[in-house]
Each structure stands twice: as structure tokens, then as C-alpha cells.
Amino acid sequence: MKEALKRKISALRRGELSEKGLLSFLENFPFSDERSIKLDFHRRLRRGIPEVIFGQGKSPEQLRRIIGKFSEMGEDLLITRVDAGRFAELKKEFPSLCYHDAARIVTCGRRPVETHKGRVLVLSAGASDERVAEEAYVSSRYLGNRTDREYDVGIACLARVLSLRARLNRATVIIAVAGMEGALPSVVAGLTSTPVIAVPTSVGYGANFYGLSALLSMLNSCAGGISVVNIDNGFGAAYQATLINRKLS
Amino acid sequence: MKEALKRKISALRRGELSEKGLLSFLENFPFSDERSIKLDFHRRLRRGIPEVIFGQGKSPEQLRRIIGKFSEMGEDLLITRVDAGRFAELKKEFPSLCYHDAARIVTCGRRPVETHKGRVLVLSAGASDERVAEEAYVSSRYLGNRTDREYDVGIACLARVLSLRARLNRATVIIAVAGMEGALPSVVAGLTSTPVIAVPTSVGYGANFYGLSALLSMLNSCAGGISVVNIDNGFGAAYQATLINRKLS
Amino acid sequence: MKEALKRKISALRRGELSEKGLLSFLENFPFSDERSIKLDFHRRLRRGIPEVIFGQGKSPEQLRRIIGKFSEMGEDLLITRVDAGRFAELKKEFPSLCYHDAARIVTCGRRPVETHKGRVLVLSAGASDERVAEEAYVSSRYLGNRTDREYDVGIACLARVLSLRARLNRATVIIAVAGMEGALPSVVAGLTSTPVIAVPTSVGYGANFYGLSALLSMLNSCAGGISVVNIDNGFGAAYQATLINRKLS
Amino acid sequence: MKEALKRKISALRRGELSEKGLLSFLENFPFSDERSIKLDFHRRLRRGIPEVIFGQGKSPEQLRRIIGKFSEMGEDLLITRVDAGRFAELKKEFPSLCYHDAARIVTCGRRPVETHKGRVLVLSAGASDERVAEEAYVSSRYLGNRTDREYDVGIACLARVLSLRARLNRATVIIAVAGMEGALPSVVAGLTSTPVIAVPTSVGYGANFYGLSALLSMLNSCAGGISVVNIDNGFGAAYQATLINRKLS
Amino acid sequence: MKEALKRKISALRRGELSEKGLLSFLENFPFSDERSIKLDFHRRLRRGIPEVIFGQGKSPEQLRRIIGKFSEMGEDLLITRVDAGRFAELKKEFPSLCYHDAARIVTCGRRPVETHKGRVLVLSAGASDERVAEEAYVSSRYLGNRTDREYDVGIACLARVLSLRARLNRATVIIAVAGMEGALPSVVAGLTSTPVIAVPTSVGYGANFYGLSALLSMLNSCAGGISVVNIDNGFGAAYQATLINRKLS
Amino acid sequence: MKEALKRKISALRRGELSEKGLLSFLENFPFSDERSIKLDFHRRLRRGIPEVIFGQGKSPEQLRRIIGKFSEMGEDLLITRVDAGRFAELKKEFPSLCYHDAARIVTCGRRPVETHKGRVLVLSAGASDERVAEEAYVSSRYLGNRTDREYDVGIACLARVLSLRARLNRATVIIAVAGMEGALPSVVAGLTSTPVIAVPTSVGYGANFYGLSALLSMLNSCAGGISVVNIDNGFGAAYQATLINRKLS
Amino acid sequence: MKEALKRKISALRRGELSEKGLLSFLENFPFSDERSIKLDFHRRLRRGIPEVIFGQGKSPEQLRRIIGKFSEMGEDLLITRVDAGRFAELKKEFPSLCYHDAARIVTCGRRPVETHKGRVLVLSAGASDERVAEEAYVSSRYLGNRTDREYDVGIACLARVLSLRARLNRATVIIAVAGMEGALPSVVAGLTSTPVIAVPTSVGYGANFYGLSALLSMLNSCAGGISVVNIDNGFGAAYQATLINRKLS
Amino acid sequence: MKEALKRKISALRRGELSEKGLLSFLENFPFSDERSIKLDFHRRLRRGIPEVIFGQGKSPEQLRRIIGKFSEMGEDLLITRVDAGRFAELKKEFPSLCYHDAARIVTCGRRPVETHKGRVLVLSAGASDERVAEEAYVSSRYLGNRTDREYDVGIACLARVLSLRARLNRATVIIAVAGMEGALPSVVAGLTSTPVIAVPTSVGYGANFYGLSALLSMLNSCAGGISVVNIDNGFGAAYQATLINRKLS
């Protein structure tokens, strides 16, 4: 693309193109724009962040094609929402893949390095929220954050949360994962001034409505300092935490 | 109705009615049934409980007619959801009415007596839940319960709830009123083994959806020992608490 | 924890710690708090109540770990929402486990003892609500309540409910389980002054919306004396009934 | 339109139009169709049924125009959902209009005549459902049905409904109006084999959601013999009852 | 029960019981009431109507028990929502059972007789609504109605409905089954003055939301003369039609 | 902006800027991009299309500022959703404004010219849908379409729609506006192969849920050839019709 | 049908039928109407459009019957929503069927011909939207449109969309397929004045609610020129595009 | 409270209290806990943050009481959601109050100081989102952040957002406010690696459902780096941004 532009500019210099001609060429030149975004995009992703693929809803065929490309290029890769069965099949073809069981995450290549200054603390309310919490935890480490976790600290036993107060304050970002009534982020935000990213989970039954209950709780929290990502979106929380942490450096 | 029945029985005794005749009369005698329910109903309501009228949705005309009847009969009366304006008009006609401002309740006649053994503790999460909490408090006292209240103890400042632990345990029933994320009942139920009746309020904004957020939170609480009444239904909670307390006597 | 505190106090007495030093130590002493909650929590659960585990959403792995711990410690245990298949597998490893088929509950160890004074009466509207009703019934007995049940007393045939009036009044708490239009609790509450805990079930079809229909009915009941737990939450109702009954003792 | 058709047919007879020409004319003759529907429609409405206008959402201007046309033509007219204020204005211009206050219905012209054989019985659950019940009652009478009403027979006091059993059976159609938990139609259908048309009302508060609660209850009724019309649609129920009654004649 | 009552009455005659004693006995005599309802209930069901069981949500065990009882008593029986697999198993044990494939209905015993005067016409909008329409059709015939059917007459090809006008008018009740946008009942009601019972089906996709789309359409129909039963509830519509037809006799 | 670019290009020609310098300038030149979009945007809007402002949610202050700017520049302007009161105030300040009463639209300046080849036909189902239909009609004419309208052709009287068949086919685009059950677009699409843009309106009551009923109907239509715009969005439909018509030229 | 009509007309000519007799015959002659619609319907479908069958919800039995009829008549056929398994079975019986894997479409007979002037451009936001996009693409080609596609141009990387601007303007209709937040159509409509038909997909997770999120986004787009079809309805969009394109010819 | 504790400790030192006595005093000393939270809470709020009161749902009486207390104590104060009328009344009593008109915020006392290192950039999509954006802007400045704003940069004209790229990257946190389809945060997050806090607004009409449309869009964004606060919660976003910025210092 840049070549086309160069040629036009040379033509102008050589008098083969009028100024008006170049102007009109430029006004219809979306690619310069595209290029810069793409570069920017890529740069962003490469500053200590491996490529990330959402595995859910991708066919085995699509996954194979993607992994193939990346392993050819020698690039690191993180794939979310891959169940054990699908992983087993992929592993046959790509033996260098690793599986993070509880998190249902496949990674390829690099080991996590703590590239950012801040610390992320992943909390989960109950044993059943573990999958989502692990998705956040594994992702956060891969995205270069010094990451800690503390599970099963739900509000049915307040003492557990209360005992974490020092660690809550030490973290730069807290990721609080909870299903059912989703009260954990509210309680945590009431105890600390560290920003909380709340992850509602679809864990629960009855009038839980697939996580709607926890989602609404978190959005309506009377305790300030909470923002929310999508239901079960552990990766999304980790990604947001990473962007925050990178601003610290 | 009882008269009709009496006459039949007399007729039987006098031989004017066959046994079979009475039997068949009785089988088609819905009123005996109705009566007994009604008596039972009335008895229930009178065992230390004044008549209760839901004011909301009643026309001024309807209210006037109801109050008129009760004041003729010298009966006590509690009317919920009456705003100050409507009360002012009713007061002109029925000067003996009292108004409980924050609770929007009109009462007539008797002073609250503590007829039951148990204690009710009414908690509210925020200043904006006060109306509903007051509806519960005023109702609970009128229904004969020794009633306490502690407002503005929401989870944004956990210490307030934590400091109430002794009183939580002392109560027979706790009524926990909360809007927004509705986490108060969960926190309270995690701290005590006193049964909690949760009242979601429509207080909040945005994705609160008129109390749905708090309602779902309370239904989905991971802390055992919570049952829920309708949104803003302070009276309903007080009534349920009364029935529980009466079982203690 | 108490030891740490004792040491500090001794240090103060011996003059090794200033008053101010102790004060600041105390202000940052969350564990005293945590401890007391934990003890309180455990005490509560042990006062005649076995440990309760929600089986739903737990992996076989997680269940095995939990049961292992409890059977080591010789503690009683009740696990809800375990299907027959999962039970069969657990039984192999832990032969002392019992299965309550209709209730889908696994228990371990003790036989139910009636430790509380009150009586719980479990009602169900239709044959399809049996699972949830049984969850309430089996749980209620294990939690130490004298418990009765009467199934299939839905309002399509009012006579059945009407014939139970005496028993309704005798109970301390009624658990009324109903799907579809969920009218049973309203009818029951109209017939008695015993508090009713309503359990909506997801039984039904069409515009039932997984129990939403019954849930809304119960919340909106015009008959006083009803509070509601989550859809299908038979255990939750039994637990709430237990807390109420324990206040009688 | 008929004229056009007549002319064509005459032309055919006179040989001025070929058979094929008539055929093709007829195939493109939507009006013959329209006409017949219209006639049918009108005939239907006139067989003892005045014209009916939905007043809600009509501007005063639109109402004035409609009433004007009908009064010119000397036709009877029933307008639903007109509040007292709007009526007062219309009355000035059309002095022959009548207002049915509780039903918010305006009628013009004729007195109700019982033209059908059957009987309609309008029941309402609570005092606040009166408006909708009255809309059904007034409409049903105007549409030519022998109509009875019995209000405030909700299930909080079952005896009232039970005492109506004979009348329930005598009716050809029962219109059961209820808000809140909407259980009245279920109870009624359990007591009789008369078909029940259920009208949910938007009466209630909290998780009533503008009548959704009652609507879902009625649709999910486990008692057979209930069909449902829209929330607050008293007129719709009366209209359906009329069509049923007319089949009896 | 009747025996107890007889004894009391005899005692009264013999002077062993006072009138007051009998009165008080009667007031607490729910069973007289129950009995009469039950008889009434049974009478209703037997007037040309076989017993009906909702098969959905019943365990094979429960179905076996029910069918056993009825076949012992020699009673007719209709069971809805039984899939082919479950039927095959039941058939082994009860060889006299019949299966109505498209309707997923099991019947036992009697052949349909047209006991009522009226005629039911079952319409369906599309090929995918057939199951529900057949449930209505088979049920309606078993409940004793002269029943006709006309499928696939949806509004995408208006001519089909238009061609049925004469039959629409001839029917006493029309059952109109439709999924997706659910417009068939509206169109039908605009063409005839026969009452229409609308059955929304869960057929469709996307923003159909399991039949909600069709349900709302039918409830909001601007054409008078429509009442609605639950989503997919073909039997319910047939039952309502039967009750209407029986009023004709 | 263009000036800056011109200066750079001149500098290049004059040798004061290197090719590389211009290249890097261009890559960081978002405005060239913005400009081109803006020009494109403006060009699009000016090809026979006046500026359009959504009046709803704008403060009187904001509207005044916008109108002021446009009247200074002598540009045409169309403002939607302005009620009569707000218009009256604006009229005082800007006497050249026109008001389209039923459509609640304010226009300024030009008279509609039929600039496109196609024809738009606006249909409405009922008298209460008129506002939205008029918004579509007035907008469509202002956007340069030859526009026709036919109101009150809802499906309660099919003949009216049937009689329009020729006109349906003649139109390039049909805008079908309907509330309540929203069946008009389906019926229309079944009668013609002209594309239909469906506009659900919030007209109705009860389970209409502010237009949701009509919206879902239209999305779920089994008749092909319908696409849908937002509830009450008459302007949006007219705009889409305009874009379609412009493709004809 | 036409025969019956012909006979009547002949009878008239021969004097065997009075004019009045024919008139009354015609008024009750729905079939003439039906016929004309049917012809019109068929004509519409045949003008370059093969028959289309919705495969979803059809039993294998039903599909076999339909395909059989069409292949007997030698007609072309397109069936949507057929999974690979079902196709394999059908293929055995009808070897001439073709399968479009990604689109889940079965076709029979003809190859796509570009019969219309316009061009359709199918865009999809993400890899997971491919199925729906392919349904639109394959359908659009079969319906006779010159069709292009460009997938994976979602807004997470704006440059891709920006680079398409020329092609956006060249298309007559754009079909924009997107799940998750569904923003693609808004962005596209902001860049071009080509009409956009938006197809929300059910792709996503959490608070996506089966496509509701994308559906609402598209309906609420602030960019003019978007109309929406049902969730996942790729065929519907292609059909609407076809009707628009046919108006160009 | 601290005094009580001090006295006890002194008593211990003086030998007037046993160690055991102090221990038991401490275990029942909830206030130590409360205190520390409170202090922590207050400290948090005071580190450059004035007290914040949610004005919505507070009665004028309640507001007056709160402001009174704070002005006595000479504390700064920020009150959200106060309309102009209510402010005018408060101003009479407390002349030092300031009103931020567009933001509907009342402040008292201090001028904003930029105490944190980071920068907040507030973006809004449309003119109608201004209120919420201003609530975020005014709050953010009062909470001590260097804050910038750029309004009306919605995606209907992409160029405006594209032109902001440099400023997007410069900010530490972006607050993106949008109603309707809520696509702005997705587009912004696609252009930068600065974390985005998305604020859905209730601006829009039709199927906007009071902001639900924008809320779901934002939660489902396919662009990483977005977390969401409640609908219209401009203050909440500013508060979260402040907590993030404070981690930078």
C-alpha cells in the first residue's frame, strides 16, 4: 500500500500528478488508515501479550487452521474455552500445546513473565465458580501480571474475606468472581480502595437465570469502585486488569 | 346461616326431617364451611391482630366506605400505602385516624401491645429503603410484636452490621430490607442463625429494574436461612414474622 | 489466634509493649473477628445440624475430596442434587453413603433425630413436584425436625387441601411446593395461620419459563403469611423451617 | 362495487363481454371478496351487537369524529377506556352519551337486551380488580348477555368462592378477573365444569410486573377449562363470552 | 366419613348429643365438603370424559402405577406427552394401550363417541405445528367432540384460510394453532364469529423465545373473539372446547 | 484541514518537504480520513436529503442552538419527535418553521420534491398507529420519495388489505406500521413481492409491553420479505426506504 | 376451480342461471380469490426463485415427502437448516441433492444464475458468525443475486471495514451478520448510503441471551439505513435483498 | 470507642483488670473492628476525595439534614442527581452550595485539585448522553483527576473517534458514555490499549428498554478492555477511574 503512495508522491514531484490529483487520491485512501490501525493493533498485542483466541463456537477445523498458522510463525498463543476432549485431539497434531485443566485454556509457547508492575488478586466466592476464576487467573499470568488467587471466600462466611484485607489493599486490581447472589464484589469494594473488576458467573439454579442474578447485583452495587464484565468472562477481566496494570509502568 | 342449620337440627329432633334429609342438606351446605373459615379467619385476625387493608389501588371512595364500617363497629384498623394527601382528606371525616408518615400507614384505634413472645428486628440497608422498612416496623408493632429497628446498615460499611451480631442472635425473626444489589440479607444470614425474611425494595436505578435486581439476589443467596417476600412488601414481612412469633407462645 | 493476643497482653503487662502498641495491634486484628464468626458458624451448624453440601455444579472430583474429609473426621454429611449415576460411583469408594432416591440426596452417618419442638408439614401440589418436595422432606428430617408430608394436594381438587385443615394448624411451619400456576401456598395460607414457606418448582411447560410463573404467583400472593425461596430449592425451605423451629426450643 | 359486477354480467348476457373477459375480470376483483367480508363483518356486529370502539390511545379529536358519524347514522355505540374527564368534554357535544363510571365505558343509544340464551357470570378477586370486572360486566350486558356479577371473591377467603358453586354451574361462561397471583380462575375451574375466561389485571405491586404475574398463573393453571385474554382486557372477555353464548341459540 | 356423620345424627336423635354439640361437630367437618367436591369432580369427569393424565414430567414408574390402577378398574384413560420410546415400554406391560403418534398421546379403552352437539375445527398454521394440533385433535375427539382438522393454513398463503370461511362459521369452536408470529388466530377471528381458542406453539427460532412471540401476538390480537391457552397446550384447548360444547346440549 | 494538506503538498513540490516526510505526515493524518467521511456523509445527506435531527431527548436549549446554526447557513432541516408545546416556543424565535401535527415533525425550508424513481406506500393497521405512520409518511416525502399512504387497514378486516393488492405491487417499498399483535406486515408480505419494512408501534395495552409484542411478531414472520426497524421508528423506516429507492436511479 | 366458474358463466349465457344467481355464487366464491393469490404466489416464487423449505423442525419423514414431490415435478428446491447427518440420509434416497456445508443448506437441481441487476454484499463480524453468513450467501446466490462476501470484518479491528468502503458503496444491498454486541451494521451504515439488512446471530456467551444483545443493538442503531431480520435468519436477509434487487430490474 | 479501649488497657496495666477480662472484652468488641473499617473508609474518602451522597431517592428533608451536618463540620460534599428545583430550595438554606447544571450535581466547598497522576478522558456518543457524561466529568474532577471531555463522537460519524486516537492513548482511563446501540466503547477499545469504563445510558426509544440495549452491547463487546458500570451511572465510572488513577501514584 505504502508503495502505491510512494509512487504517487514521486509522480507529483516529477510533475506527472497535479497537487489536486494527489489530494483527491489521498481523500480516497483508506488503506493508509487501515495500515496504521493494524500496526497499532499488532504492536499493542505484542507488548508482552500473546495472541488470544476465543475457542468457544470455533469448529475443530477452524482451531486447527489458527494454531497451524501461529506455530508456523513461532508465535505464542492462548486459546480460551477449550474442553478436555477437543484439547486431546489438538494435542495429537500440535504436541507443544499445554492445557490448563480447570481454566479450560490452551497455551502454546511461552511461560508467563511478570512484565507489569502491578499485582492482580483473583477472588472467587464458591467452589463452583472455580472454572471462571481459573480462566481469569491463568489468563492474567499469561498476559504478564503478577497474579495471586484466593478462592471460596464467599460471603456465607464473612471472616474469610475480612482476613484478606491487607492483601486486598496491596493488589492493584482485584478480580472478584461470583455466581448466585453475586455479593462478593460489593463486600470486597466496601473493604478496600483497590478497583474491583466483577465477574458474574452462571453458577446457581432457579431464579439465577444463567448469571443474570449475579450480573444485576454487581451492576447495582451500592459500594463504589466496581465495574463489571460479561457473565463467565474470566478472560475479559484479566485483560482489563492487564490494561490497567500497563498504565502503571 | 347458623340459624338455618339450627332449624334443620330442631326439625330432625322433632322428627320433621329424616336423618337422610339432614345428611343431604349438610352435604350441600357450603355456608357451614364458609362460616367456619370465616370464623377461623376472623379469629385469626382478632387474636391480637387488627384488620389490615391494602390502601394502594383503592379509590378514596372505597377507603371511606371501609373505614366507615370499621369505625361503626369500633374495630381497630391498619391501612397500608396511603400517601399524606389522601390521609389529610380522610382525617377530616375520621378524626381518630393516625398517620405514620415514613411508613405511609394509617391506623385507627388501638395502641400496639406486645402480645407475642418473640422479637422482631427490622434492618434496612440504605437511607432510601426507609419507607419500606418503616412499613415493616409500624406493621410489626401493630400486629403485636416486640419490634426493634436498625437502619442504614448496608454492606458498603460492613462494620455496622458486624457490630449488631448480638442483637441479630437475640431476635426471633429478622426482617432485612434492601434495594440495589440486595446483599444485606445474605450478609446477615451469614452472621446469625435467626431466620431472615428478606424484603427487596425498588430503590435504585439503571439495571435495577424496579427491584428485580434485589429480588433475584435474595432468592439466590448462598447463605441459608432466607426467605423472601414481594418487592417493597414491608407489611408482608411483618405479617409473616407475626405468624412465626405466634407459634412461640 | 487467641494465643497471639494473649502474648501481646502479657507483653503489655510486662511493659514490653506500650498501650498504643496494643491499640494499634488490636485495630489490625481481623482474625479475632474471623475466629469468632467461624466458631459461631460451626457451632450453629453443629447444634443438631449435619454439614450440608450443594452437590449441583460440583465435579465428581470435588465431591470425592469433600466426602473423604468428612468421613475421616467422622462427621455427618448431607449432599443435595446428586443423581443416581453419580451416587453409584461415590458409593463404591464410600460404602457407608445412603441415597434418598426421589430427593436426590446423599447422606452419610447419622439417622434423623427430632431435636426441635416444632413440626414441619411438607405439601406438594402435583405428582411432578415430588422431587423438590422430597428434597425438602428428607432435608427437614435430617436437620432435626419432626416432619410430615402430604403430596398431590393441588388446587385442581380443592377438597384435598380442605381436608387437611387441622394438620395445617398443627404444624409450626408449612413448606408448600408447587409448579405451574403455583397457587397452592396462597390457598393454604388462606386456610391457616401457620407460616408458609413457598417453594416454586420448574415443573410445567410453555409460559412456565422454568418456574418463573410459580415464583411470581407466590411472591404476589394476596394471602398473608407466605415467604418464598428460590425455584426448586427444597433444601432452602427445610433449612429456613429449621431455623424457625429452633427458635421455639 | 356490486354495480360494476352487475354491469359486467349484463354485458356478458348481451354478448358485449366474452366469457374469458368476465373470468379475468373476476379474478382481479378483490372487492367482491372485500364486500362479502364486510357484509359478514357488519352482519356479525349487528346481530344484537353495537359497534365497539377502543377509546384508549384515541385522541379527543378522533373520538369526536367517530361519535359524530355514528350518531348521524343513528347507530348504537360502545367506547371503552374513556376516563371521566374526557367523557365530560364529549358529553357537552353529544348529550345523549352515557357514562359507566367504574367501567370507564361510554355508551350511546340502546339499553341492553338479553338476546342470547346463555348466562355470563363475572367474578373478581379483589376490590382493586373492580374496574376491569366492570368493563367486562357492562360490555357483556351491552353485547346482549344475561349477566351476573360477584366481586371480591378472591382465594384469601376460600369460603366465598365455595359458596358460589351452584351459580358457577348455572352460568354458560364464567369471566374470572384477578390480579396479583391470579389464582381465582384456577380455583373456580376446579369447582365447576363451566368454561372460564380468565382476565389477568395489572393490579398489584412489586414483582407483579404490570399483570405478568397473574397472566402467567392463568396460562399455567393446572385446572382444565381456562382460556385467557390480555391483561386488563375486560371487554375482550365479554366479547368472547358473547360469541360462545350465540352458539347456544 | 358419611358413617361418622350418620352416627352423630343418630346420637342426636337418641338424645345422646345436644344440638349445639352437633353444630360444633359440623362446623369442623371438612370431609363432608371434600366428599361433595370429589363426587362433583368425578361426576364431571365421567360425563363422557375419560380420565386424563399429563405424561410430561412423570417418571415411567409413576405412569406404570397410574395405568395399572385404571386398567384394574376398567376405566378409560388418556395420557398426553408420551414419546414413542416410553410408549413402547408401557405397551409391553399393558398391551391394550393405543398410541397416537403425531399427537404423542396414549389412550386406553374406549373409542371416541360424538357425545356433544357442537363441532370443533382444529387449524394449524404450519407443518411444524402439527404435533400440537394433533394433540388438540386427538384429545378433542376423545373428549366426545365431533372434530375436524385443517392444517398448514398459515397466513403466508391467505387463500387457504379464505377458502375455509364456510367451515369456520359452521364450527362451534375453532382451535387455532400457530407458532412463529402467531397471526393465524387473528386472521381467523376476523373472518368468522365463531369463538377462537388460540394455541401458541414453541415452533420457530431466534427471537421466538420458545413461543413467547406467538403467545404475545395472540393475547394482543386486535380481532375480538380470541382467548388463549398455554404454549403448546393442545390438550388444554381441546378441554376448553369440550366444556363450551357441553353447554350446548 | 484541507489547507494544511495543501500546504504540505506545496512544500513537497517546492522541495521543502521530503517524500518520506509527507508520507509520515499522511500516516498520522486522521483528518484526511475524517474529512473524506464527513464529505461523504454530507454528500449523502445532500443528495436530495435535508439534515435530520432527533428531537426526542434534546433540551429546548439544544434544539434552539441547532436550528439557529442551520437557519444561519440557510440549510433545510427536519426535526422528529417535537410536541406541539415545544414547537410553539421554537416558532416564536424561528418563524419559518413548519409543524406536521400528527407526525410531530418540524421542518424548515424546502418543500418535498420527488427526486427518486421509486414509490413508497405507508400502511398502518389501526387509528392509534397514525402518529408513527405519519412520521414515516412526512419523513419519506421530505427525503424525496413519491409517497402514498393508506391507514387503518389492519387484519381485523382483511378485505381492506386485499383490496390494495395492485397498489402493493406497484410500490417499490412498503412501510407497514402496526401495534398490538403486529400481523399487518405478515399479511402484506404474503400478498405481494414488494419488500416490506415493518414498524412495530408501542400502541396496545396489557401484555403488549410497549411494542415488544408487535416487534417479536414482525421478526418471527413466516412470510418472507420483511425487515424490521425499532419500535415507533417511523423515520427510520422512511430513511431505509429512501436508501433503497436511491439505488433505483 | 376455474372449471366450476366457467360452467356457471356458460350457464348464465345459456340462460340457465340468472344474473342474480351468478352474483350470489360469486360472492361466496373464495376460491377465485384463493386461486389468484396462489397464482400470484407461485408466479412470484417462479420468477427466478426456487422453492424454499425451512428444514428446521421438520421430521425426516416430512422432508422426504416434500423432496419427493418436488423431484417428481422436476422443480428446483432449497432447504435451510439441515445438518450433515440428516443430509447424509436424504442423499441416499435422492442422489441429486447437493449440500452446502457451512451454510447447512440442501439444494436440488439448478445452478445459481444472476438474474437481477443489483449486487448483494454479505459481511460477517467474526469467525463464529460464519454459519449464518453462509446461509445468507448461499441463499442469495440461489435466489439469483450477484453476491459477494467478506467475513471477519468486525469492529475490533476497524481497519478491515474501513478498507471496504468502495465495495460497500457499489453494493445494492449489504447483509451485515454479527453476534455479540452486534455493532457491525451500525459501523457499516455510518460509512455508506447502501441499505443494510442486519442479521443478529446467537453467537456469544453470558449476557448475550441467545442473540438478544445483538438484536437490540441493531434495532437501536443511531446510524440510519438499517433494518433487521430475526436472529440467525440468514435466509430471511437474502430473501429481502432479493425482493429489493428485483425492483431494480 | 477508642477511649473505652484505652481505659480498659490502662485498667489492665494498673492491675484492675485481669488479662482474661481484657481478652473477653476484646472478643466482644465489635467496634474495634467497626472503627478500623470506618477509619479506613474515612481515610480512603479523605485522601483527596470529598464525601459523596446519592441525591436520588432522598427526600428534601433527608438532604437538608445531611448537608447541615457536613457544613457544620466544614467538610466538602458532592451530591449527585439533584434537579434544579430541589437545588434552588437547598440553596436558600445553604448559600455556599454550587450547582453543576448539566451534571445535576451539587457541590459544597472545595475546588477540584488534580491530585492523581493519571488522566481521565470522558467521551459521549450523542448529544442526549450529555447529562450522564457531565455527571462523570464533574465527579471525576472533584475526585481529583485531571479530566478531559469530548462529546458527540458517536459511531454514526466514525471520523470523529478516529481523529481522537492520540488522546485515547494518552489517557490513563477512558470513560465512554453511550445510549441506543452503545457501540462507542467497542469502537474506542478497538483503537487504543487504554482501559475503557463503559457507561450505558437510558437514552433511546423503542426496544432500548431503558438502557438495557446499550448495557448488553457493552457487556458483549468483542473488543477487549471494557468493563461496565450501571446504566446512567456516570458517577460510578468516575469513582472507578479515580481508584485506578490512585494506584498510579
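Quick notes on this structure:
The letters A, B, C, D, E, F, G and H name the chains in turn, as written, and every chain counts its residues from 1.
Here, a contact is a pair of C-beta atoms (placed from the backbone, for glycine too) under 8 Å apart; a residue touches a chain by one contact, two chains touch by 3 or more.
From a predicted model like this one, the values you see are computed outputs, not experimental measurements.
The set of chains touching chain A and also touching chain D is given as B, C, F, G. Computed centre separation for the pair chain B/chain E is 39 angstrom, with centres defined by C-alpha atoms.
If you average the CA atoms of chain C and of chain G, the two centres end up 53 Å from each other.
The geometric centre of chain B is 38 Å away from that of chain H, both derived from CA atoms. Shared interface positions of chain C, defined as residues touching 2 or more other chains, are 30, 33, 37, 41, 157-158, 162, 191, 206-208, 212, 215, 219-220, 224, 230-231. Contacting chain pairs (ordered by label): A-B, A-C, A-F, A-G, A-H, B-C, B-D, B-E, B-H, C-D, C-E, C-H, D-E, D-F, D-G, E-F, E-G, F-G, F-H, G-H. Residues of chain A touching chain C in their complex: 127-128, 157-160, 162-163, 165, 203, 205-208.
Chain D makes touch with chain C in their complex at residues 125-126, 154-158, 162, 180-183, 186-187, 189-191, 204, 206-209, 212-214, 216-224.
The residues of chain D lying in touch with chain G in their complex are 2, 5-6, 9-10, 12-13, 19, 22-23, 26-30, 32-33, 35-36.
The part of chain A that touches chain H in the complex is made up of residues 33, 37, 40-41, 44, 47, 52, 118, 172-173, 191, 193-195, 197, 215, 219-220, 224-231, 236-237, 239-240, 243-244, 246-248.
Those residues of chain D whose C-beta lies close enough to touch chain F in the complex are 30-31, 33-38, 41, 54, 56-58, 62, 200, 202, 211-212, 215, 230-233.
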